[in-house]
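Should a chain be cited, it is by its letter among A, B, C and D, assigned in written order, with residues numbered from 1 in that chain.
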Amino acid sequence: MAGYAEHKEDVLRSLRRIEAQVRDVQRMVAEDVHCLDVLTRVSALGADLQSCAVTLLDDHLTCCVTEAIAEGGDAAKAKVGEATLAIARLIRT
Amino acid sequence: MAGYAEHKEDVLRSLRRIEAQVRDVQRMVAEDVHCLDVLTRVSALGADLQSCAVTLLDDHLTCCVTEAIAEGGDAAKAKVGEATLAIARLIRT
Amino acid sequence: MAGYAEHKEDVLRSLRRIEAQVRDVQRMVAEDVHCLDVLTRVSALGADLQSCAVTLLDDHLTCCVTEAIAEGGDAAKAKVGEATLAIARLIRT
Amino acid sequence: MAGYAEHKEDVLRSLRRIEAQVRDVQRMVAEDVHCLDVLTRVSALGADLQSCAVTLLDDHLTCCVTEAIAEGGDAAKAKVGEATLAIARLIRT
């Protein structure tokens, strides 16, 4: 089971909202809306995408990583290492 | 005319690719794909969104801001100030 | 004990390197070095600061959060929540 | 002359404040302050570094890029291209 199982509907809802925003940006570009208005939307979209990533990360730490640590051993260490790599990728994006 | 007029098709193509990626992430979540695989995709999506923003910004500087500066006066200063605000928003996202 | 206890010397070394870079940027500005060369250095400095943050975060997850989870209970949940907040702040910076 | 010539003292002042923050983080680590308190400071420091970068960028656009565009020709295009690269680096950091 994925770590976000309990929030699956929330995650899907926020992803659908992000998809609607991307389509809205397409419509703006198709209608030649001024660059800066498009960019403002792209910034807002990026912030929503980050929030979605933070939710997924929180679920991953709360479920998958927590379970692995509770079981202990090398698997736990590996899970924390993997999580850090994912966090590093998000910080650098 | 918008600053991205000459690259309109490229911008729309990259936005459609971003939309396809968002839908792909939705499918992954619907199919309970492992959190970290979802997050890797969200990071890649964020990077593509940033590239799209940089293209729009480059077009804005090359066209709108350049034209305003060539005309000179206070309008030019205002345009540069607006562009900086948009850049600051992207850096902080 | 702090989570970074084992890597304290490494963390201090990377912070001293960051301090040296900040002083170098000051010297560049004092000597009127070209804006873009200063900005390139500021970007590199920002990337080093992010790496330092990722190291601290990894230590925090590996030590503090792992210990709290091994002990279990509400304290564990609180620790994960706190870590997520810190991660969200870093992602948004 | 560098684009930040008029704000040189402000830029130096904010860089000195950033240096003081880096030294403060060092002191916190030397005194084994809790990881998350250190990370909160590192996030604040990163935000201040970004503000400093935005100031330098604004000066660069307002002075160097504006002058090059006013003179016109290929040099202007090259200047805008260089500025975009610097912005892209800051966005990705």
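Keep this in mind: a contact is a pair of C-beta atoms (placed from the backbone, for glycine too) under 8 Å apart; a residue touches a chain by one contact, two chains touch by 3 or more.
On a predicted model such as this, the values are computed, not experimentally measured, just so you know.
Chemist: Among the remaining chains, which ones contact both chain A and chain D?
Modeler: Expected: B, C.
Chemist: If I rank A-B and B-D by number of C-beta contact pairs, which comes first?
Modeler: Here the pair linked by more C-beta pairs in contact is A-B.
Chemist: When the C-alpha atoms of chain A and chain B are each averaged to a single point, how far apart are the two points in Å?
Modeler: Chain centres of chain A and chain B, defined by C-alpha means, are spaced 18 Å apart.
Chemist: Round to the nearest whole Å and give the separation of the Cα centres of chain B and chain D.
Modeler: Centre-to-centre distance between chain B and chain D: 21 Å.
Chemist: Find every residue in chain B that makes contact with two or more other chains and list them.
Modeler: 47, 50, 53, 57, 83, 90, 92-93
Chemist: Under the stated contact criterion, what part of chain C meets chain A in this complex?
Modeler: The touching residues are 47, 50, 53-54, 57-58, 61-62, 65-66, 69-70, 72, 76-77, 80-81, 83-84, 87-88, 90-92.
Chemist: Provide the residue numbers of chain C that touch chain D in the complex, in ascending order.
Modeler: Touching chain D: residues 1-5, 8, 11-12, 15-16, 18-19, 22-23, 25-26, 29-30, 32-36, 38-40, 42-43, 45-47, 49-50, 52-53, 56-57, 59-60, 63-64, 82-83, 86, 89-90, 93 of chain C.
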